[in-house]
Each structure stands twice: as C-alpha cells, then as structure tokens.
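Same chain, two partners: chain A is paired with chain B first, then with chain C.
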Partner chain A sequence: MAATAPPTTVTLTIDGQEVTVPRGTLVIEAARQIGIEIPVFCYHPKLSLVGACRMCSCEIQMPPPPGQQPRPPGILTACTTQVAPGMVVNTLGPQSTKHREAVIEFLLINHPLDCPVCDAGGECPLQDNSHAWGPKESRFEEHKRLARKGAPLSPLVVLDQERCIVCYRCTRFMAEVPGQAELDFFSRGFSSQLRTIDDQPMKSHFQGNIIDLCPCGALTSETYRFKARPHDLDHADSVCAQCPVGCNMIIDSRSNEVVRVRPRQNEAVNEIWLCDKGRFGQYYFSSKERIAQPHVRQDDQLRPASWSEAIGSAAVALQGVKGRYGGQAIGVIGGRNLTNEDCYALARFASEVLETPNVDHRTGARHTAANPLAEHGLDAFNSPFVDAEGAGAIMLLGTDVYEEMPVFWLRIRKGVKNGAKLIIANPRATEADRVAFHRLRHRPGAELAVLRGLLAALVESPPLEGPAAVEASPPAALEGTQPAQAPPPPTRDLSGLRDALGDASVEGAAEACGVTAETLRAAAATLAGARNPLIYVGARLAIRADAPGLAAALVNLATALGQRRAVSFFPEGANARGAALAGLVPGEGGLPAGEIIAQAAAGKIKALYLVGENVLATHPDAEQARQALANAEVVVVHELFPTETAALGATVVFPATSLGEKDGTLTNAEGRIQTVHYALRTESSARPDWRILSDLSGEMGASLGYAAAVEITRDLLADVPAYAPLADGAIPAEGVIVRQHGGEASDGTGTGGPNASWGAYVPIPEGPALAPPPGQEGLTLVTYGELLGDESTLQDVPEVLEMVPEPYVEVNRQDAARLGLTEGRLVRLRTARGGVERRLRVNGRCPVGVCYTPDNLGRPRVNMILDWAQPFPTVTLEPVREGVAAEALAEAGD
Partner chain B sequence: MPLSQAVKDLVVNEYIPRYPTKRAALVMALWAAQNEQGWLSSETFEEIGELLDLDATDVNAVASFYTMFHRRPIGRQLIEVCDNPPCLVNNAHETMQRLCDRLGLESAAGHGGGTTADGEYTVRFAECLAACDMAPAVQVNYRYYGPVRPDDVERFLANMESFSIETPIPPVPGQSGPPAGAAATPAGMVKEG
Partner chain C sequence: MAFVELKAPPPPGNPVSEAVADLTAIAKGLGLTLRYFFTKPVTLQYPEERPSLPARHRGRHELERHENGLEKCVGCELCALACPAKAIFVQGAENPPEAPISIGERYAETYVVNMIRCIFCGFCVEACPTEALQLKRVFELADYSRESMIFTKEMLLAPRPKREREDSWLPG
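This part shows the complex of A and B:
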C-alpha cells in the first residue's frame, strides 16, 4: 500500500540548494522556506493566484524523461507553479533577471514615478523592486497615460489610477476575504480602470485592508495622505479595543499624534486584517475633545478643579455615602473597554475600599451571572477563533457578527469557504445571511423557543454516533485497556434530553418562535450531521433576563451534538472577558449593571461609580438612567470625553487616559490575553484609571498602593486562577488563551475534554416573556449595536464620520406600503415614552411586523424612548415633515 | 427590464452545461442578454450574476472588456466605421466626420461618434472588419457595407442597402433570430447619458 501511494513530499533544487517541501507547495513558498525571496507584485499568500504581473518569473527546468536530452529551462511564474520532483529552479538566472527587468520597464511606462509626493514612497514594493531589478533607464520617450488621480473610492480610500499596476490584489481581497465584490477592473489593456459598482462609494467595513495590500501607492488612506513619511514615524505594538476580537495593531504616531494604524500579524486573531473602525477609529487618542482636567460639581455646574481637590471631594462624598447607608448602597459600573489593569484596580477598589457587591461591567445586564455557561462548567467562549475555519456547521444566534466582531466574521467566512454550513437565527437579515445555509427568522425575543425547537428536532431524529462523538468522549472511556470494538449504536441516545425537554415539540416551538417546523428540522439535521459544529451567541443575549434558560438550552444542544464546547457567547465589550476575569462582576448578593441603574432610579442605590460608562447613552432606558443620576447623591465618573452622563449627573469627573497612552493587557473574546504598549505621551493632566483609583483609595484610607501598571499585571496574574499558568512568565507576543473552566490554558483543539457533568442534560428554566404577543398594533422594535456607532471615538475624523450611517429605522416593504411610507423618508419612531427621528430604510431585511434601529447611533439615542420593563417594545412610525426637525427633537424629550 | 424566461432558460439549459464551470458561460450569457435587450444594464448584470453565481461587479467588469458589449443604451442602428490602416488611408476619418455632421453628433478624430438624441443611430469606430477591399468599410448592426467614401455618406444614410456587401451575420450560438440591435426597437430605450 505505502509503496504505491504517491510520496507526500517533493524534493527540488532552488539556486543550488536542495529543499524538501509538501506536495502542492508553490515554488515561491518553497524558496521562501530556505530564505530566498522572489520579487512579486500580484502574489499574496492570503489571496487566490492570478499570475498577472510576471515579476516572479524564474528559470525552471524539469528533469528529462528517461533516455531524452534535457530541455532548456523555461521561464515560469514561481507564484503559480507547483513544485515537482527533481525540478531545478534558478531564481537569478540571466533569462529570469532579464525578464524581470523588462517587466519593470513595462510597468513603469505608465506609472507616473511621482514617488516624492506619494504616500507609499519609502515602503513601496514597486519602488523597492524597481531599484532591485529594474533597468537603470527607461527607453520610453512618449507621453504617459493620464488617468484619475486622487479619486475617492469611498470617504476612506483614495485611488490614483495612474499609479496602478493592475495586480488585482484589491479586487481579489474584496471578492474573496469579506466577499463584498465592490471593486473590479473595467475595460482592458492600458485603459484598465479600477472602479466601484456603479461608481458608488465602497461600503464595506474592510476597505482599509486594500491600502495595505496595494503594492504601489495607487490606493492610499484619506486620513494618512500627505501626513508623514514612514521613516518619520514612531511605532507602538498595541491591540485594538473597539470590539472583542482584539486585533493586533501597530500605532504609528508622529509628534505625539496618531497618524495611522496598521494591522500587526497574528494568525490566531486577526491574521493580517483590520476592520475600518479599528484602522480609522484610533485617532481619538489625540482628540482635542478629550477632557483635560478634573471637574467637580458646584452649584449644579461642573467646574475645573485640581487633582487633589477632585480626589479629596470624591473621597469625602463616597465615604459619606458608605458611612450613612453602607457599601451596598454604592453601585460600580465600568470596565468593558478598559485594560485588565484598570479592571483589576477597579474590582479591588470596589470590594476593598467601597466594600460593595454591586459591581458590573455589563451595561444593561439583567441577571447576575456574567458567564451564563459557568454553572454548566464552561467558559463563556469555549473554542479558539481558528476553530471556526474547520467547523462543519456554524450557527449564529442573535448576533450580527459583521457589525459586532467584524474581523471574526472573516474567520467564519473562511470556515464557510472551507465547507461549513452557516445557520443564522436572527429576527432580521444581516450581512452574514448572504452566505447562510439556513435562515431561522424568528420572532423578536423568541430565541429560547428556537433552541427548544432544534432540541426537539434532535430528539425526533438523533444524530449518528460519528467521529466527532468519539473525539469528544471523556478520556476515562478511552483509557480502558482495549476499547471493545463493538459496533457503535447507530444513533446517539438522547433519552436524557427528552426528559429535560419535557413535552416540548417541534411544532409547539415553531408556533412559539415563528420559524416553520420544517426549517427547524432541517437546521437541526444540518447541525447533527456536521463535523465540529460551533454555535456563537450574540452578546446581547448573555445579559438578557432569559440568559440562564438560553445557556441551559445551548448546553443541551452542544451536548446532544457530542461537542459540549461548541457553544460560545460573544462578550459585551472589547475587554468584557478581561473585566469578568479581573472580578468586575456582581459579588455575593450584588446587583447586575442594569439593576444598579434601576435601583438608583428608585432611590435605593445612593452612589454611582461609573468608569468609562456613559449610561445615559447605553442603558436601555434613558429616562431611568436620568432618574438614577438625579437621585444618586454621589456620581463619580471616569471619562475620556465630556459625555452627557458626566454633564448631567457627575459629582466629580476624572479625566482618564486612552488606550493609546497606556501599558497593560487586554483579554479578547476567546480569552486570549495580549499586551498593549503605549504609543503616546499624555499631554493633558489625564491619568490612567488604575492610578486614579489608587490615589482615591489612598485618600479613603485603604490605598491599593499601585505606582505602575506592571505591578497590577503581576498581582492580576498571581491572583486570578485562570491566569495562574502565566504568573511567572511573560505574555508571549501572540498572546495566550486562558480558561476558567476545563483546564488547559492553551490553544486546545476546542473539542471535548473531561467534565464533571459531561453528557448530562440540564433542565431549561422558563424565561420571562420578552416580546409582546403577535397581533398587536404597531411594529415590534428590535435594536442592536453597529460597528460605526458610539461615534465618540470617531468624532475627530470627518472622513470616518462620513462612513457612519445616518440614524435609520428599517422596515419591511409590506409594512412601509401599508403605512404609506417610502425609502428615505424622515419618520418618527414612537412609543409611549415619546419619539425619536430616524431615516426610513425600506427593504426585506426585517420581517413583516418588525422594525430595526441601531441603538448606538444618533442623538438622541433610541434608548430615549425605551422602557426598562419592555425589552421589545411596540412602536409606531409616523412621517415627519422635513425642516421641522428642531421642533420634533424638543418633543422627543417630553 | 428583466431578462425574459427564454434567455434565462437558454443560459441555464444550453450554455452552462457546455462548460466545466458556470463562469465559462458568462460571455455567451451576456451575448444572449444583449441580443434581447439591446444593451446591458446593471439590472441585467445582477440577473446574469445570479444565474452563474457571480458578483454583478464581476459580470460588469467582464462585459467592459469587450467593445461589442454595450453598457449603455445604443441606437437602433449601430454604425461602425473601420479605422484600421486600409480604411484609414481611404479617408475613414472623413467618413466618420461627415456621418457625425449629418447626424448632429460631435466628433473628434479617433473618438468618433455617440448616439443621436432620438435613439436612432449610434456611431463609432471599429477595429479591422476584414473588408479591406471595400475600404472604407462600414458595419451597421453587424451587416457589412462599403465602400462608404466621405461623399457617399448622404446617399448611404438614405439608402444603405445599395452599399450592402453580402456577408453572413455572425452566428449566435444556440439562438435563432437576428443579433444585437437588428431587432426591432428594444423596449426601454433611453437616451445615452
């Protein structure tokens, strides 16, 4: 058998060196392995092959068939040629260098050679390759082609068509990686032009990456154009804190101002990509809008104060509340976007100095379990990101992952390209639906019914016992001397699940969630038949009142699929995972963040300590948040920007430093702890949150005693059990995944693992009814966050603000027709609380009877009209006459 | 105007099965669509993209590669004047100039043409028509005419058939009927913008 199987490796000779590589390797990659660099323009390891530029041409000779004369070497492109046994590659042969010289000469015929005014100058592959391989002089005497210069492809990306060498890297990226073919080359030959669809601006969240990919300065960044030369820049390795993916980035600054952000390669996290918020949304570090000094409230006005005065007055006020009402009258909210060091200092401050159990980082949370899966012995996120690439099926429940964790969406797309079947359960269509295999369009708030339906369908036709189940079975079963080779049962025994489900049926669940029983059965069959199924759940579901029920149902689903670790919740902030690990979760008898605000509004919580948390904009009931700020005796705020929360309610405002000015660590969604290095000096008097807390605790007589972030890192790693494996060593550059449950703190396979409750099915607690019963007047409102919302980090960059959509509300065509409303109309979205104005989008994304609006866009936010008691309110839409906006805004407040 | 079911059926049942990949049927599909619609709109690109699992942008970009695909509405009569050397030395540019003058179109040497306001004529240059013996050769809706010397233009427009050279219409694989533009007025014809 082995003799006839083709060998898996190939040995060839490159520039006289013998090299053995796996079969199918490209010549260019084989050469790279032995340190030989072949020049390229169009080739990119992350993209498909086109062989368009011919720059990598080498002399390649094959051994002659037996008995024949050797043939002379041919000129072949190393980027499209696979290795073959006995192949002889000469990358520097006279023919290949002559060929490359000709390629460069041709490319430069129409290239304007305006390097002195080109942003790419100094870091340009065309420039480098021309110097290395090009002819000394051009023989071209005619006029160069003229084409568009400085033409915007979008507010963020600028095209210089004259510089373009038509390598197709940008068009391949857009079509292959995010799957948004917004760019293509039109016409042909020397008149080839890069154009967008109907010449409309690009809309993708990933367009910044084509700037990195462009090998010649044809695509440049609107925000970086003409700002600096690469050799003038200072660089700092950092991690993006705009979403929980934790993409690695390099902050390039000049004269202590951020001029651009580039991705830093980390194959386990972001590969080499960044989303546009990560790339263009870091200018706020140097924002002129930042709060520069502490403020205290006097006569109902905030006035600037010295640090000592502010610290002193906060300490007195907090001591007063603690003395009068006890520590449990204080609520602490914050940390989801802070570093682990800030989180740990805040957690210690809350428990040791304020002595309150009311601590939470999850704005709007309605129940205390920060990780709803914890009681089932699982982490909130149970598989490394990379596992999505090898999944046989991926289910997305209650998330618009393209908006929530965009760079992770690229990983899921990779999984889909590798054959994963995507199952999406969401009340409305999202970007991900374009490649979905099953779309479960359920009623708002009916996720639990969807899961019951899937479970009931699995009970009806249980999955076959397959390799996935064998992999995932506990080691105890495998440690037997010789496992009996008895044929496995044809299907998995789900009697335990049947008991846990009670009398739930697929039809009953279908009735409750609005998805047809047929679709539920089909989706369940897809999950059951898939190798390594994975289920990702949106962050908003983790903080909802029915989260314990959802978690139990999800654990049952994962267990029934033979892969208990299949289920993962997205975190509700960039460093929410880190905040939870650092202890920013409700203590014994403590309240979740949403309840802290509700109780403060009711007068039971007397002091609020808000760290980077603008509750007026983020709490899902602005009126309640306003009351909470009004009723609390003391409100201490740490902020970067003068927010409405600080302006309206703060007793003391401390200016904090931004991520770009901090050293520390962040822990991303998958639990990977990564190091952040400061890029900028703080020019104002702002201080890191941990230092404010340390100073304040000293003033309150129980100093945390921290003088540097690294001291806190040390304490954090020693104190938090999950970080224990790191306590004595440095954190590696690519970060390391830590686990609270299930053992190994490393990139495990994410499959199986021994567990006390392995295989046990848990009862599913009934959740509260969230959505109004169907058949009501009006539309059910669904809200979610969008990537480009929370504009405070974008406000200094007009180009990025242009990308932020105008606040909108989306309805189905049928509803729009019924209401007599058309696309683009300004409408008032109204509840009993009042109304907010939104631009109408009419499409098929929302089902009939449902409308959607992003809750982190526009002022006032939609939370202005939301009621804490009604997570899915019924709203009406009425047209607004344009030009009377001010009047309507005033009305919204009443 | 959406593609007719007949064209979709032709693409799905005739063209796609001929090739190992769906994408390979793209040019055929574009040709069939243009034959029906007279030109190729963004809507058509999307419809073809759906048939062949391609992005509309990709379809559009491929169409842009070929000068015989029209991405804007064209006149009912597509007049193409050859400007390759034998026709050129026989005053093809002057023929183009006279045509444009007569039809009220702006013309600059080498960039002749445009579409008349009434949507009747589109005039443009063509690459070699392989009718050098009839230089300057002219093609109207893919039928050959010639020679059309500058002085003949008035007479040519009045009575094209007298200039006809009998050549076969380029075959349209798998489809009967006349090729692009030759059909009666395509519906939805709008002025070229």
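This part shows the complex of A and C:
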C-alpha cells in the first residue's frame, strides 16, 4: 500500500474509553464494540441510514484545528455520524440526555396509551426507551391525534397508525431488502400515513419481517394478534423445513400450541429474515386436521387401529411381498421433508429390512442412470450462500428463486446491489427479472440449447484476459465472506470445448432455444468477463430427462469460466440434501422415485412405502400415480394429514409427528447441517418417523433398535463420510457446511469441494425433445411450484390462506386477445387427459405461445392432466361459464 | 450473636408461700374466664350467623363491567404477570367490532383463577390498568374437588348492571 494512503483505522474516545475502529465506522457501531449501547429507533444495521428519530443523539466534540480553542461539543446523531480521529463522544452528557428526554416526550404526545392492549407490550423498544430515557410526566394536555387502528396492510400484517413513530424502518426494508417498495408514507408531520402505494394489500413474500423491525406496536401480526404476552411463551430453536434455505427460526408456543415464529439470527443462512411461509406457515404443527391415529384398510375402507395392530399388519404385508417377489418389488419414496434422523432410519430400513435398492427422495425423478449430477459433482451446492454477495455475475437457470428459495433470493439481491450482473434464463418472467441484466426467454424445455449457445459463444470469442482484469476488487461490504478469492486460472483453454460441443453454433442454439444469438453472446460475455461468476440451477432441472446433458453442459461452462465453484443446483426439497447424504438415493440397480411409480403402475413394483410423500399430488402424472396405488398390493404411508394418497391408496397409514415435535438435524441447500429442537409435545398418538420404522423393523425381525433421535444422529454422523468431521456429535448453533462427497478437504470454513469433472471438457449427451416444436396450435404449458402452494401446511390459518393465490393460469396478452379471453375469467385448461379449472391471469410474463400454472396449487392439481411422457404438453384454454360447476364437472369427466 | 443464658431453676422454697402463689394464679386465670363470660362473643354461629366483613376484605375475584355492560377487562395479562402464586391464566383475543365484549381492541377470551393457588394478596387488583378486577367479600370458597376451584370467566364476571348483587345479603 502506498505510504500516502490514509490510515485505515481511527482512534476516538467514547465515554472516556479509547477505541480503535476501521475508518468509516459509525459512532453507534464503535460504541457497540466496547459495550456501550446507544438507544435508537430508526437505526438498523441492515438498513440504510435516515436519522429520522434523533434518539441516538450524543454530545460529540471534534479536536480543534491546531492552534485554536476547542469548540463546545455538538449534539449529533450517532447513527449517521462516522468516526473521526480524536473525536470525543459523550453518550450520557447532560445535553444529550435532555435531548433524548425531549425526543421521547414528543413521540409520546401522539402515541396512544395502548400498552395493555398492544401486542408489542413487554418487548417494545419504545416502552423500554421511555422507561430508560423518557420524562416522568408529559406536559401534553390536549387531545391525542386519532388515526386508523387495526388497519390491515395485508391479510398478515396489521397497522395501527396511532402507534407509528415514523421511523421508516418498514418502508426502508421493503424498498431495500426485497426491493419491493410496496409501502410508503403519505402526508407529512403528525398526519403522516403509512400506506401501501396502490392501497391494495401487500403482496411480498417478506412482509412479516417488518413486524420484527417495527420499534413499537404499530405493525403487528394478524396470526399472533392478542394471543399471548412475551413472558407466556416457550421458545424452541428450530430450522424452517418449508424450503431448502433452512432459515433459522424460534418457535414460540403457548399451552403447547404454536403462536408465532420468529427468525433466529444466522448471518450465513438467513441473516435476520424469514419469508412469510416460514413465519406464518408453521401453525400446522398444532393443526386440528392432523391424523391422530394409525389406520388400516379393511374392506376397502380405512379404519382406525391401534399401533400394535397397524404395525403388525404392515409387517405381515411387507414381509409377504418380500417373500413372494423379493425386495426388488418394493419401492420406497420419501425424505425431502424429513429430518436427517428419519432419513437415515428410512435408508437403513430400506436396505436392511426391506432389502430393496428402489429408494429415492426426489419425487418425479426419472433418469434410470445413476444420479447424473453426482457424476459431475453437481449434487451439492458448490459455494456457500454468502458467496452470492460477492459474485460478479449470477445466472439463474430454470428457477424462480423468489418462489423456490425466497430468503436466498435476498442474498442474490444483495449480490446484485454489490454489482453482480444477473442473467436469467427462464421461459417466463419471474420476480427476479426486475433486476436482471440479461433475460434469456427461451422456449420451454430448451435449457440445454441455451447452455450450448452460451458455450458456443464462449468458444467463438474467448475472453482476452482473465476476468480479474474486467471486474475490480469485490465490493467493500464483503470482507470475510469469500472463502475462495483465489484468482482464476491464468489461461482458460477453450480448445477442448469445441470438441465437446461438436457442431453446435451460437446461431444453431439460438434457433433451437428461441433466444437471439446476440443475447446469448452478450450473456456469455458477461459471464466470462465477471469475476467469480455463479450459476444457480432450479431443482426441477435436476430430475428432468435431459439432466445428464444439462449437468455435462454446466460443468463445461464452469470449466470454461475458470470457476470451479460456479454451478450449484437447488435441492428438490427442504431436506433433500440431507436425504441424499443419509442414503435415500437409488442403490445398485435401484429405480428413481418417478420410475418407482411408473413401475408400480405397470404392476412390477408390488409394494410402496411412502414417507410424507403425497404422490397423487406431487408425481408429475396423477393418473399414473393413481394406477400405481391401485396396482400395488401394499401401500404403507407415513403422513401428517389425511392426504389423497393416504385416503385412496394406503393399506396402512401411520400418523407421523411434525417437525415442531421432533429433535434432530436438517441439512440445507448449501449442505449446512443444523439442529432442530422440539417445541411441542405430541398430543395425539402420532410418532416420529424413525420410531415407526424402528418399531416396524422390530416386528419384521430385524430391529433398527433406536430408542431416541440422538442415537440416530450419532450413527448418522459416524456413518456418512461427509459428516465425519462432526463425529464427536457437536454441531454448533450456526451449523456446519459439509461436503456431499467426503473427498476433497474442506477449506477452513468447511465449505467448498470440487465439481468432480472440472478441468476437462466432457461430451454433452443429447437429451430427448421435451417440448413440442414451436408453431403448433395451442399453448405450451410450463409448471413450477410456488412458495405458498402445498396448502396443507397452511390450512389452519385463514389469514395465511388468504395470501394463497386462487389457482390460476397465466397467458400473454396477445394469446388472450386471440382466444377472446379476459383477465379474471374462469377457464378450463385442457390436454388430451382432461381439464382443470383455473382463473385466468393476463399479463406479459409468459411469452406468446406459452402459458404457466403453478403445480402445487388448487384441487385437482394440474398433474391430473399431465402425462409422464410430456413434461411440456400443449394445452388449450376454454372459457367456463361460472355458476355451472356441476355441468362443468360432468363435461370434464367425459 | 450470643445465646440468652437460661436462668437456673429457683432453689426449693417455703411450701406454704408456694401454695399461695399457685392458688393466686388459678384465681387470676379463672377471673379472666369469668370476665369474658360476660363480654359479647367474638365467634359466630356460622352458618346461621354471617360475618360482617370490612369493606376492603380480599375474598373471591370479580371481573367488573362498565355501566353499558361491556367488560372492563381487556385481557392484558398484567394481573397474571403480577400474581406471585401464578394463579391467573389469561388469553386475549381480538374484540369483535360488531359485537364488542370489552371496550378495547382486545378482550379476555379465557380468564381463569385457580383459587387453590391464590393467596389473596391483591397484587392482581393493583396491577390491573382498567380497574376490571376486584377482590370481593365472597369468602365461602371451600369445595370437594380441585377442579371446582378453577374459577372460569363466566363464574368471575359480575352480572350485567341492574342486577341482584349476589353478595347483597352482606351487611354493611
């Protein structure tokens, strides 16, 4: 560093203590470092600075210029003032305390005396600061301002305008963190009004966070409203299992019922945020709809049974199938949403008791080959979540990350704010598109062609220099977040890539995928020119028939970009990573989950063992799943809720306990193993999945012999090579990232590991054609899962159900005009299989010729009309006359 | 701290003066008995006779109402928080605007006092911000089962105004 550079640290005095902090630190943070807490309302370390409340005012004195008299200290806000050398800060000076007293007195002028009825009472910064700093009495004798009380900002968040102290935390959060400026202040001064900008309910998936941020009771939660006081609550540290982010949360319960969920800080995973599904979607632990008792089928009717009877009859039935047809005839599906302990018990049960290789957690997975991702080392997140903050370019392929892993989207947005260029390849526009740099709107199912196009563009014009020359050093906000700031390899040899690509050209690929060649070239140049490019791939692509080709193309892309960690696949469920590690993947000659169902429908698999898998709703071909359930001789189901699979197909149903009632561990997308603690006692006779498996195995004569979850954790950590460093059983509170393959050493942070095929170009196998060729009659249907789908976990809370969109189908304006359909019409989505009714949304998200519907919303699910052989079917839309539902049903049936 | 030393027993004295002292003591005792024999008794022939309790007697809880019949209690749980015996359980709920129960946004959906635990200290009354809670002069709380000692909100609520007060038989 040049000798003239200013020093990077600053020494100042706060309340008589000297402290040295980096230049640019705020006075308030410097004080925090030496344990001095300055009271605040508007300041929040995760938000921008506004200096709106003046609560943090301190007496701050600057050293006089040489030869001059010192000037008296000024009153400055510690939250907006940066440290300076020789600065003297007095946080408790008489002027500053007087100032604070005045601030509180002013705030309380219009703040109602609501504490006894206010949900924030007992955990309210305004209460606490008033006690600590406020005047004993108010001199205010006039009438207080009256404003809206109990006004919903959405079905989930309630505003009390009288209580609002106008700190702008909520508006700043919405505008800055998820980038959805849905809230703003209207009017000013004492008539300031917090409103949604369009006066419509808020729609964001992150609105719950503003309840946490509000420093008083102005924003409260509709689901927690008046249910309890902070001192009533029992707390349990847990981890959300609604998506693979694995956000850390605290479950607050009262009288053995979940009353609210709060985020638990983990800077590496969720920072301090939760999405609304995580926050409002955990009430199902205490749902009244849960199955309370085992059931067995008798005369085609499920009837309640005792545990011993149910276990006995499942054991006899499974033993029968095993005796007659061998273990090969049994298929086991489950694990995506279970704890690692349940997964491990299930894996052992399948291999040791049922002796079947047909085990899988990836519902709908259809390649018969060995896991094509594992072959290239892509079956793990190859970089920790935090890396997204420092990426130079981020590509999202085949995922609506806002719906798939919402809180991870916040991390990607942070990366984008830090300068990452976002490249999105998706057949339709998603929330993320709003900040995208390149949008590759490709034909449905043409991801492989997009990747070929990018690779061909890289071959065509290899970058002249290493990417480090293009992007400057990583943004300053990121110290310490980059485990691998290793410079990219100096030369990037693209010669092998041409051979791997064969005769693919950019123009050819552009033709095949429907993205223009210029866009492909521009996106490729952005990727190649970026330091630390990262590519995130949606889970749906991992289980598609062309996954081997995608994996090969992606690993080639990583090699071509010189970025070993570039490619990460999202897992197929909350604990899919953990399930795979615990062994819930097809064994030698075993079938993947989709094939298990297909084979069962064909009568080759005779028994199905489904743990938390409602295959009728999740298998991509409901008709096939129905046949599978009908043809299988034995179907054993572990379930929380009376699902259609349990009701229609199960021979034996075991009620399982929910995550809130279990101890155990979960492994999130980035491979971080984290501990969950039980929050509730089980009131029904439901049992944890591992215990059911252990009991059943005992009955079948090969006991797993587990009596407590910790025993399984111990075995799991000792048995799975990736967990070996944890074998002493200590998992720290913030979790540890483990590698999928025990191989390559981790680098201090426990992260990393290679793409196995990195460094050499591999041939890209051609995948089957997935979508009909363009220019056909009808629309090509694209389906994805949405965050608020799978309503069974939300069904008990009407407020949350209100947030769930009515099942809809989305088409382009041009298509709607051509078909003569308008927004809001009820339409029937038809394939050769039949039709489902959906509400029409007309907008510009889908390109012409494509329509979209979420596949985890609405009954019947869209998989009713889908065919296993056609992931992107051609559909027609026809209007339905409303109010004639019976007619419509009859028609759909014929 | 030093222990108080016990005095040695007095040496055996004159038997006559001892007998006189004993008899005097007996006469004194009987005199006292005789005096009380002619004073008004302090005991009551309960249950035929009822006590007259001081106005501030701390007996059974009552949840008061406003004059318009709405409950004063807003379900704030401050009484439960103040209670040293953890005798009170309150669960709030949103006050239905179309058929309000209390005057606030919130009301006590569940309000339970466990009379076995209660030590009638009155802290709950002091804590209540709405003067909803009173300890009344109802003291006949004995019963045969523990369950019957759980007083629910229905049992504790004051009747609607213009009613026969259940403790109106009490004098004073």
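Everything that follows uses one rule, which is that the second predicted complex is superposed on the first by the 828 of 894 C-alpha atoms of A that agree within 3 Å, B and C clash if a C-alpha of one lies under 4 Å from a C-alpha of the other, contacts with A are read in each partner's own complex, and residues count from 1 in each chain.
Here is the rule we use: contacts are C-beta pairs under 8 Å (C-beta built on N, C-alpha and C of every residue); 3 or more make two chains touch, one makes a residue touch a chain.
Given the structure is predicted, the values throughout are model-derived calculations rather than measurements.
Peer 1: Which of the two partners, first being chain B and second being chain C, lies in contact with A:407: first, second, both, or neither?
Peer 2: Touch partners of A:407: none, neither chain B nor chain C.
Peer 1: Counting residues of chain A in contact, which comes out ahead: chain B or chain C?
Peer 2: C
Peer 1: Tell me which partner A:117 touches in the superposition: chain B (first), chain C (second), both or neither.
Peer 2: Only chain C is touched by A:117; chain B is not.
Peer 1: Please indicate which partner A:182 is in contact with in the superposed arrangement: first for chain B, second for chain C, both, or neither.
Peer 2: first
Peer 1: Touching A:228 in the superposition: chain B (first), chain C (second), both, neither?
Peer 2: It touches chain C, and chain B stays clear.
Peer 1: Please indicate which partner A:560 is in contact with in the superposed arrangement: first for chain B, second for chain C, both, or neither.
Peer 2: Touch partners of A:560: none, neither chain B nor chain C.
Peer 1: Between chain B and chain C, whom does A:456 touch in the aligned arrangement: first, second, both, or neither?
Peer 2: neither
Peer 1: Over in the complex, which chain C residues touch chain A? Could you list them?
Peer 2: Residues in contact with chain A: 74-78, 81, 91-94, 104-106, 129-130.
Peer 1: Please name which positions on chain B make contact with chain A in the complex.
Peer 2: Residue list for chain B touching chain A: 42, 55-58, 60-61, 64-65.
Peer 1: Can you name the residues of chain A that touch chain B in the complex?
Peer 2: 175, 181-188, 197-198
Peer 1: What residues of chain A sit close enough to touch chain C in their complex?
Peer 2: 115-117, 121, 149-150, 225-229, 231-232, 254-255
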